[in-house]
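Only one structure is covered here, and it is reproduced in the block below.
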Amino acid sequence: MAHIRLINPNTTASMTASIYRAANDYAATGTQVSACQPEAGPVSIESHFDEAISAVGVAQEVIKGEQEGNIDAYVVACFGDPGLLAARELTRAPVVGIAEAAFHMATLISTRFSIVTTLGRTGIIAEHLLEQYGFRQHCRRIRAAEIPVLDLEHHPEAAYRRIVQECCRARDEDGIGAIVLGCGGMANLTQEISREVGLPIVEGVSAGLKLAESLIGLGLFTSKHGDLAYPRPKPFTGQFADFSNLTLPPGG
Amino acid sequence: MAHIRLINPNTTASMTASIYRAANDYAATGTQVSACQPEAGPVSIESHFDEAISAVGVAQEVIKGEQEGNIDAYVVACFGDPGLLAARELTRAPVVGIAEAAFHMATLISTRFSIVTTLGRTGIIAEHLLEQYGFRQHCRRIRAAEIPVLDLEHHPEAAYRRIVQECCRARDEDGIGAIVLGCGGMANLTQEISREVGLPIVEGVSAGLKLAESLIGLGLFTSKHGDLAYPRPKPFTGQFADFSNLTLPPGG
Amino acid sequence: MAHIRLINPNTTASMTASIYRAANDYAATGTQVSACQPEAGPVSIESHFDEAISAVGVAQEVIKGEQEGNIDAYVVACFGDPGLLAARELTRAPVVGIAEAAFHMATLISTRFSIVTTLGRTGIIAEHLLEQYGFRQHCRRIRAAEIPVLDLEHHPEAAYRRIVQECCRARDEDGIGAIVLGCGGMANLTQEISREVGLPIVEGVSAGLKLAESLIGLGLFTSKHGDLAYPRPKPFTGQFADFSNLTLPPGG
Amino acid sequence: MAHIRLINPNTTASMTASIYRAANDYAATGTQVSACQPEAGPVSIESHFDEAISAVGVAQEVIKGEQEGNIDAYVVACFGDPGLLAARELTRAPVVGIAEAAFHMATLISTRFSIVTTLGRTGIIAEHLLEQYGFRQHCRRIRAAEIPVLDLEHHPEAAYRRIVQECCRARDEDGIGAIVLGCGGMANLTQEISREVGLPIVEGVSAGLKLAESLIGLGLFTSKHGDLAYPRPKPFTGQFADFSNLTLPPGG
Amino acid sequence: MAHIRLINPNTTASMTASIYRAANDYAATGTQVSACQPEAGPVSIESHFDEAISAVGVAQEVIKGEQEGNIDAYVVACFGDPGLLAARELTRAPVVGIAEAAFHMATLISTRFSIVTTLGRTGIIAEHLLEQYGFRQHCRRIRAAEIPVLDLEHHPEAAYRRIVQECCRARDEDGIGAIVLGCGGMANLTQEISREVGLPIVEGVSAGLKLAESLIGLGLFTSKHGDLAYPRPKPFTGQFADFSNLTLPPGG
Amino acid sequence: MAHIRLINPNTTASMTASIYRAANDYAATGTQVSACQPEAGPVSIESHFDEAISAVGVAQEVIKGEQEGNIDAYVVACFGDPGLLAARELTRAPVVGIAEAAFHMATLISTRFSIVTTLGRTGIIAEHLLEQYGFRQHCRRIRAAEIPVLDLEHHPEAAYRRIVQECCRARDEDGIGAIVLGCGGMANLTQEISREVGLPIVEGVSAGLKLAESLIGLGLFTSKHGDLAYPRPKPFTGQFADFSNLTLPPGG
């Protein structure tokens, strides 16, 4: 039995639930999925600032998971992969970001893809990730539906129509074979969009879950040799004092 | 029940068997693994020429698989990923190469990796793949144990020692967190090497199997929109006449 | 007297003849041109699959040429450069692909160029070659006339008009100085297109011939030091058994 | 009178003082320098995790600065540039990171440089920044003195000798013209190292101060058009509730 | 007192005066600005040829400056940065090009920028510089107002309108945060354009001045270790005989 | 009859003669070779400064050639390709640089090459050219024999030994298939070095001649559409007044 913990980096519980369902539908026999969200942080992530704050919550949730002691892998379920490398330092368990997961999967079924995301201003976050992960040349275009993240919850119909509209444009204009959905909040829409657009639609939450299962199945763990080794224990001050002299559990 | 077909692109049956075992050990509940090799081609793949010939066999095995009609994904089990894009054109099922699979997995558990392969002359094949897939900056160095591929079968002890030796050098000198094994024939050595070297060792056959399972689980298929669409049917002549006017099965 | 062998990787004899004429018109005094096509393979090359099969024929034609013993250089006359590195392994004689030849020449007379090819789906092949050869930044755009390759033979008037139309768009919209024709079948149209479009038009068959002449003239041969050394002799099975234990002629 | 606020992202006050002195020595007539550190966070930054936590402090210090209302530019004084893009979103004032500042300056006085940093494990942070900022080809090598950051305070002599030793190796082996010091804690050593090594030594705190002065002098502000616009106001929960519905001052 | 010498690489004195004013407005207390132009060369720089000739004048002006002996830094005030590396070889003083200066500054206040230049044909010069300096990915688009350089002097109103027009298009279509003005002759228009367009406008002459001030303030000099060392003295013939056996002043 | 003009960018007549012989040995039947050197400039080119001055001479020699009216192509015979793009603007005839020529040829016969040049300080010039031309990934290493250019004339034996020594190191350590000689003055040594080192040695003067012949044979000319169009005529002052209002001959 493998236990995969989804970390929703924002603090909107309903989005956590929706991400959980989206992932759980894809869980293999023998995979237990659980989901959590930080105790503190932004209700949605739509800027570098939101992302920076949310990274603390991601780290805290990994530390909690390590204390629970029975988590086999983590998925960071926000398309900017906030705190991903920090999270990897905190555990031997594999940690997968949903942006990277979606990019990896998209390159396995197409030669070029486009991204359809929520707000145009977050496009730069995706660009930086594409560069860091090596997929810049595989992504033809980043398109924004220009809807705030929480509209996916509050105005689902209108949001859905805008996303499908941009996906159809990507299909017709970008010379691509697949589309990556650029927001964890779109996870539950994948199949419906795919049917309507007629292209493979890659969504990161489910992709991240399957990559996490894969890494567990392969017996691979986050390398503790070199730059992802556990952080050197040290004092932290103020509201972050709990991070002081972190002793990560042996199983971690 | 998902059926994944491993295609060993060379014609050495014992290597097919070894690859089968290496993959089957990692198969999830509900995954049926089968393995095959081309009817015609080189007994090992150690050059661009060997690779070019083996690509025909890979294509033939995909066509056969499509005619069988019950294959859900293919894994091309040679580290040069021969015929990968051709194979993808021939089927809607996902097709995963073991080099790409290993690269993807290695980037999820480390920030930089090295490759340990058989012969130095095949390093250029890996370099070209790293460039095409986007992982050039993630790979610090390609190292060769300078052993012919079939020595992995004929002189397993000596071959094993040489590979471990290069892996240790990579660990100590390259500033990496993981090592990718650069030959399908090394698949059964992964765990032993990992124990001895003390780093995560990523091997492509098992990695390819898990990625194939993931794509099946996600309901993703090779995009038939754009440049991976089925090949236009047309006449082929001579020994390749069987490829003429290929009508791929509806399920394909 | 230098003997250059053109290898048309597809099996359409009329296209071989047309390529021969296109090249022969440009041959220097002292250059003998001959042309051949594989005994087996696709009648045209419009996909990764077609290309993979054609690479075998290319290799076979090089082996034949080496057995003839009087070939000084080879030109692989299909825009995807199928089997190019395999061919280079099989001979000390220089081997030039027409895509690479055209790219090289275009960069000598302009700072940026566009490609006009037949079908959009082959654009990815050109993109991968541009990346591998280093010319990605020199190519502004890959344009497709969306005509099947054999239409160049069957509907030459209509095909010609479509190609000119795309060339004019490239000239007016792409900010380029030259155009590369992306199909060996366009070889005989070069001068006419150039006159009509008013830009230098670079065509690969003639460019490949001149580069082959240049390499012969320079006394340069394909390096046998390192990764283009002759393939290690080994058994091949089935319909490829003739490749077994290849002993390439001393002059090869 | 221009007011530049140095933000030391770690919470070690003595390091803040040292950074302040290092910068103040270089301040132009008419520049007022002040320095601060977060109320909460790690005492030194030596990992992705430390960096992620420190980014919150950086953001908080910018928000405080904006509330003070008289800050003309900020310098983020840790070599990983933690929270840089988040900080830029929070203010119209220019914000400069010391890694980027050092890289920019180094390219103006040399064609290639090396970095000498504290711990090897932080090299990957510098590598990612070089890639994001565009300086990967300008940096020949990242070298680590393998000293913890606080040893710069606790064992200054030994630390200094190790740094000079690596700088000399860089000078002699790397084919470079300048060296970038990869830690804010080295700021006060710059001139001494430069004298001993005989190469231009670029240090980020002073470089960042001068770039901040330059941007102020030019009347340039952080663009609020597009992806660095103020974050959309929204609720934050828990210990981050203070960030809720942030209304940044008009002057901000 | 720091003395910064602006070198206008073209020979139009009125443009030198205009560049001088543009820079002097931004000079810090304690900075003395002087400006010069070559005795010989083109009246404006609009081609590789113009640029090649102007590089001689730039070198001559640096040599003159070194003989004067009191110059602390140089700014090469033409957007192609002609002769920049040659100039750096001739002096220990920092030398800053206005294209590089503008690029550096633009990346500090935005994540992506566009360039608005005079003639389309000079775009390739900017492209080559972006590649060499590392900023290719930061520049979304190079736009030309298609006005000859001297029209900035002869038809200022019309030229200004065309530039503003292109800047507005860049703002609305390119997904950028800042605009770089691609011609030294536009220096005096910066503030007016910025007001009208509503984006940060980065102009190289003022940016170069501030970077020069910064380097002086930091005590940084052009590295004489390695490839920017003083040129080896040697004979020059003909009209360039004056460059023979150049002995650069000790202070140089 | 095709007339190719070699331009030796330095003013050492004996080197012009040596370059002439090196090229003439490779001239095809029907090719007339002539060689010239600027009337003014450095006696050798070993720095950015030397190169900048020599670019004027290159331009002047092209203008002279155009006035002669019977030149079909030019070769710029210094490894830094000084003034290459300026030269291309001045004529419709093809202009080939010897660095680019050598790089192009080397990639046709090997997958990776190294450069052996004279002085280490000129390595950066080669690096910048590799980047601009697209061959950065094809060049494994730039090695310097650390001999001044004119030592090739004055101490030929010692220079030859040093070059062979570096070539052997490149062969044994760099993982390459070919070596590019990085100085026009080495042109006459090519065959001897190749025999001694046992690798294909690519030399730019002969390579440039053959590429020039190829372009002539193909009827290709330097594009006058876009950024290599003739320079706009304009006044030049001082010693460069002769360049004023350049009217290039109709044949040009």
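Labels A, B, C, D, E and F are assigned to the chains in the order they are written; within every chain, residues are numbered from 1.
One rule holds in what follows: a residue touches a chain if its C-beta (ideal position, glycine included) is under 8 Å from a C-beta of that chain, and two chains touch if they have at least 3 such contacts.
In UniProt terms, the chains line up like this: A, B, C, D, E, F = Hydantoin racemase.
Because the structure is predicted, anything quoted here is derived from the model rather than measured.
Between the interfaces C-F and D-F, more contacting C-beta pairs are found at C-F. Separation between the centroids of chain C (Hydantoin racemase) and chain E (Hydantoin racemase), computed from CA atoms only, is 44 Å. Centre-to-centre separation between chain A (Hydantoin racemase) and chain F (Hydantoin racemase), using Cα means, comes to 52 Å. With centres set at the average Cα position, the gap from chain A (Hydantoin racemase) to chain D (Hydantoin racemase) is 29 Å. The set of chain A (Hydantoin racemase) residues that touch two or more partner chains comprises 85, 88, 111-112, 120, 123-124, 131, 136-137, 175, 226-227.
Interfaces, counted as pairs of touching chains, are A-B, A-C, A-D, A-E, B-C, B-D, B-F, C-E, C-F, D-E, D-F, E-F. Listed in rising order, the residues of chain E (Hydantoin racemase) touching chain D (Hydantoin racemase) in the complex are 26, 28-30, 85, 88, 94, 96, 100, 104-105, 107-112, 133-138, 171, 175-178, 191, 198-200, 202, 206-207, 210-211, 213-215, 217-223, 225-228.
Contact residues of chain B (Hydantoin racemase) toward chain C (Hydantoin racemase) in the complex are 11, 38-44, 46-53, 55-56, 58-59, 83, 85-86, 88-90, 120-124, 128, 131-132, 148, 226-229, 231-232, 234-241, 243.
By the touch criterion stated above, chain D (Hydantoin racemase) contacts chain B (Hydantoin racemase) in their complex at residues 120, 123-124, 131, 136. Contact residues on chain E (Hydantoin racemase) toward chain A (Hydantoin racemase) in their complex (touch as defined above): 111-112, 137, 175.
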